[in-house]
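Inspection log for the structure reproduced underneath, given as structure tokens.
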Amino acid sequence: MYKIGLVGGTGYTGAELIRLLVNHPQVKLHAITSRSEQGIAVADMFPSLRGFVDLCFTNPAIDTLAECDLVFFATPNGVAMKLVPELLREGIKVVDLAADFRLRDPAAWEQWYGCPHACPEILQQAVYGLPEVNRGLIKKAQLVANPGCYPTAVQLGFLPLIEQGLADINYLIADAKSGVSGAGRGAKVGSLLCEASENMAAYGVAGHRHLPEISQGLQQMAKGQPVGLTFVPHLTPMIRGIHATLYTRVMNKQIDLQALYEQRFVDEPFVDVLPQGEHPHTRSVKGTNTCRMAVHRPQNGEIVVILSAIDNLVKGAAGQAIQNMNIMLGIEEAQSLLVPGLMP
Amino acid sequence: MYKIGLVGGTGYTGAELIRLLVNHPQVKLHAITSRSEQGIAVADMFPSLRGFVDLCFTNPAIDTLAECDLVFFATPNGVAMKLVPELLREGIKVVDLAADFRLRDPAAWEQWYGCPHACPEILQQAVYGLPEVNRGLIKKAQLVANPGCYPTAVQLGFLPLIEQGLADINYLIADAKSGVSGAGRGAKVGSLLCEASENMAAYGVAGHRHLPEISQGLQQMAKGQPVGLTFVPHLTPMIRGIHATLYTRVMNKQIDLQALYEQRFVDEPFVDVLPQGEHPHTRSVKGTNTCRMAVHRPQNGEIVVILSAIDNLVKGAAGQAIQNMNIMLGIEEAQSLLVPGLMP
Amino acid sequence: MYKIGLVGGTGYTGAELIRLLVNHPQVKLHAITSRSEQGIAVADMFPSLRGFVDLCFTNPAIDTLAECDLVFFATPNGVAMKLVPELLREGIKVVDLAADFRLRDPAAWEQWYGCPHACPEILQQAVYGLPEVNRGLIKKAQLVANPGCYPTAVQLGFLPLIEQGLADINYLIADAKSGVSGAGRGAKVGSLLCEASENMAAYGVAGHRHLPEISQGLQQMAKGQPVGLTFVPHLTPMIRGIHATLYTRVMNKQIDLQALYEQRFVDEPFVDVLPQGEHPHTRSVKGTNTCRMAVHRPQNGEIVVILSAIDNLVKGAAGQAIQNMNIMLGIEEAQSLLVPGLMP
Amino acid sequence: MYKIGLVGGTGYTGAELIRLLVNHPQVKLHAITSRSEQGIAVADMFPSLRGFVDLCFTNPAIDTLAECDLVFFATPNGVAMKLVPELLREGIKVVDLAADFRLRDPAAWEQWYGCPHACPEILQQAVYGLPEVNRGLIKKAQLVANPGCYPTAVQLGFLPLIEQGLADINYLIADAKSGVSGAGRGAKVGSLLCEASENMAAYGVAGHRHLPEISQGLQQMAKGQPVGLTFVPHLTPMIRGIHATLYTRVMNKQIDLQALYEQRFVDEPFVDVLPQGEHPHTRSVKGTNTCRMAVHRPQNGEIVVILSAIDNLVKGAAGQAIQNMNIMLGIEEAQSLLVPGLMP
């Protein structure tokens, strides 16, 4: 049994990690930290976990975390980068679910997150934890930067087209719709039921922090060529789910897109390409680590439309983090993650 | 007091017409028809109307309808075209909220609606009822084809750019999100709360019936040039509202988009352009006839993003129909339609 | 045109007052105050009000408020009692939507609200603003305490039975379900969409602040006899609406309950008793000042079940406040309040 | 591996059985039937099951079902009673999730379900599958009548009080709130998102079919004394969950209710009594087989309030059916059923 630490257990991502870990047969939660809730039983804060976890929240002390084999950070952006260097020195493996280690360029971090990076020297050793792209590197990594929720849905959707040089990478559009849990468990007026339900709106059109992360990933797929991406996120009146609707011009109208997508993901345990003509529903992946997608070329025109659906808290956060953990610890990659979605 | 008839009063569009008409000071509901509910009191079917309407549903008899000054059709597609010619001969004004008279080309009707048009000779006299484009024609029209919900949100959003020749009309993308009331009051599994709530999905990507309607309208704005439009509708887990997110390449990066949009709509009572940098929320137009929009050019790039929000049952159906009625009958255009949205 | 002041315009109750007042033909909003949002345009905070109100939030200065004919307080509990005495001395009429003047006994206030009452001497002159019970007093009142949302639904439901001495007042049960807007616009974790949607739960079973208010009202109906009330509120996953399900033992099984209820409310513009056997839906009163109810005696037993539905923000708050204002100012009681519910 | 048959796999209860069975290590789905969907792949109808089940829907042929060790019926009321006798003769174990075998009295069946019972002689051998009451009988049963959703929540809530003779069984009130999935996957107007969301309403106050089932169970707990139960179900705007709020007079005010409830359920794997003063949330049991409850005596009065929350599709249907299956087949009772709720 591997010992697992969780720094930041009071948000939705942390709670989801706990939900997925308590029945994992090869790991055991050793410590769950929260500065604000120290001493409180985890199951008192989250009654859905009553009977599954006996731990209380503790302070994030390095010596306790150093007893772990792997530590997850489910903290706000900017917290992990202050603690991770010490854990790495202790030989602990780390999966950070925040943005601290996602951007390779510390200047980009500073531009988008508004403060200098605390450990720029470590950025190059961090592996971007999208297993469908970087599985080999993840296996050997000590530090994995778990992708953001939008970036996961968008990158997986564009992957087959871009890595084959089939997309017009100057004109990529990602129109993404997210459930409200993506905004976290913080008490914000905009996330109130009375504000966010029965409503649809875009936000951050001028520039969302996931834009540079997605662009960096797409550029890597495009073998380093710069990409022109327009990314518009929308707040959707539901709890879980991201639906990314992706548009680009296909460079070769003869290509069999359906076959391209099916073949690219045939061996991936967590990407499911729907049959031609279908549309993925976010609810079909609710509570699961699956990215379900479909590819369309309306009226046989130049524009390709890719539909990509994930659960933002699972494949977009905690599930992918556990997928990365499984890979890093040599556990079967899909362990404890293969379950049908909760429907309805 | 003008006498008003309503053919098809049992759906959401019909009920919304009644809601908006009962307090209109210059008109009076004379007959509300429904073949299936004949004899039932309207307020028994819709308890929200108790005390506001005393009528029972009647059969759609021409002689009763011929007593009206104006008749609304809120029937399924293909019904109005069988009754309208006779009403026109009787000198009655008609506003059809279905699709029967929206497409000028009878072949396009047949292609998208699966049956020959019953009165192709009348198509040319029908005026497309988008007041912001056709106000003058509506004033003189006997037959108005009330626009679809998606077409209203999309056309108003693209209008200033396209009519000024500023959009790359070969690459227009309309990613539209609609509340479930757009699917009507019919008992369909896909519209059940347990299917449609907590879910986001695209549909009809291969081709939705509103595509030819929108294309026809955009082409008219483009002075007859054909347009290349990709239209992807999504079913969104809320009752009312459409949010259209529109993308195109701007042909002149020097143009002041904010001023362009504000000036175009400065005299329109039902289009509200938000200040620079804002995002319209569908809930801000809930229950109202307003189209609220914003225009963005992310990172000062070539791509323009227009956000356009309406209530699909009001500006996207019943409200716009009453706006058209007001214009046709010489009533003040905004009569009974200027109310704040129901918030929250 | 009467001049109206509004103290506390940033919550849902305040916004709803504005929505209902902007189209009222006999009053004009003179000042809307908010300490925290001073200088901000009201329509910037609530885009649904763009075009309907030009005022900015101001500090709640007595001299400005003293220019008004009537001032509404939509402030948190405990605020109005500090400002109202001075306004009364200035001869201003006041409707307080908070709890400050609802309980006649200052000791009860202190027990349930946790601080001494600031002006206990004024409590006796305050009239409890339930027009169906106190219309005559409201007409002459200078200070009206607008009832709480739960108390409105529960008292109207029990009213015909209790005032006729037909209920076993030792065993009254009120099982009430409220939409989340009842919790206000404050940023609380429990009101987040991700916490409150897809969930049903009771709260405050040990004792909710509306209990003494309801008991006081029921006791008045019972001609001073003490009543035994069990009140259990539930947070329901919707924005607006209260559904109170009321249980008691009927003391005379021969009584025609349907006739009793219909006759009691026959002249009330805002109480609608449904035909025998029906069930009121909260959505049928959405956005309206109507209380819709039904009365049942299952299996002709001893237990009566009364179902009472209101919109908590309208008949349960802002609408009833305007109904009171109309009465106090000699305006037609239903002015600007008779509209059909927003359905669906 | 036990072979399992499922008759009626197209509703929510059937789909939920499949979801819970596919990862059960000791059973294997052998046949899933549906007359209407014969030949369709189960995973085509329910994309959430893609990759988990390869079966197609088949006709409900006795010979195929007779190859099974146990057959679930998730059919509409009145179907199972026609097929079950033959399966029993073949020695197959049966769990019926419909109402066919719940009422011991065939006259009561006929009264509430409107047709004569097809096999009244079998009713006496059917065991009512509430393990917390009948575990021993279930172990030896060939035919188990799986309880209804409301009856599960209500009976478990009243159980400790009534079996100890501590409740005034003449005045039992069960005010129950159910998510819309309780109405099934049938296409009914009342279950549409636009009808059922943003709404709260009671239904069936005059008499709901679960009333005789609950009464029968409570009477058994009361050692055969008749009980006076008022049962009011409400349709609540959420997908899953039942919250039952139960009221009765406690006959002995000295009793320690908290201890009574905790001790009664201390060994039950699927009943969780919350600490004193808390309130169960339905979302805390979403997707789980747990009944979470709390017991209150407001203001130390005579009235006890019990709050009982379940997932109507799990403990209220499919999960309890699998719990019964586990017991009947000698499998560990909680096998595959102990998972934390999906939160948020």
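So that you can tell them apart, the chains are marked A, B, C and D in the order they are listed, and the count of residues begins at 1 in each.
Just so we're on the same page, a contact is a pair of C-beta atoms (placed from the backbone, for glycine too) under 8 Å apart; a residue touches a chain by one contact, two chains touch by 3 or more.
Values in this document were obtained by computation on a predicted structure and should not be read as measured data.
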Common touching chains of chain B and chain A: C, D
Chain located farthest away, centre of chain B as origin (C-alpha): D
Chain pair showing more contacts of the two, C-D and A-D: C-D
Centre-of-Cα separation between chain C and chain A, whole angstrom: 45
Whole-Å gap separating chain C and chain D, where each centre is the average of the chain's CA atoms: 39
Centre distance in Å when chain A and chain D are each reduced to the mean of their C-alpha atoms: 37
Overlap residues in chain D, where contacts from two or more other chains coincide: 12, 181, 185, 194-195, 197-198, 237, 239-240, 280-281, 283, 286, 344
Contacting residues of chain B [partner chain C, same complex]: 12, 15, 18-19, 22-23, 46-52, 181, 185, 198, 239-240, 272, 274, 278, 280-281, 283-288, 292, 338-344
Touching residues on chain C, where the partner in the complex is chain A: 12, 180-181, 185, 187-189, 191-198, 237, 239
Interfacial residue positions of chain C with respect to chain D in the complex: 171, 173, 175, 177, 179, 194-195, 197-203, 205-207, 228, 230-232, 234, 236-241, 243, 245, 247, 249, 277, 279-283, 286, 296, 298-299, 301, 303, 305, 307, 309, 344
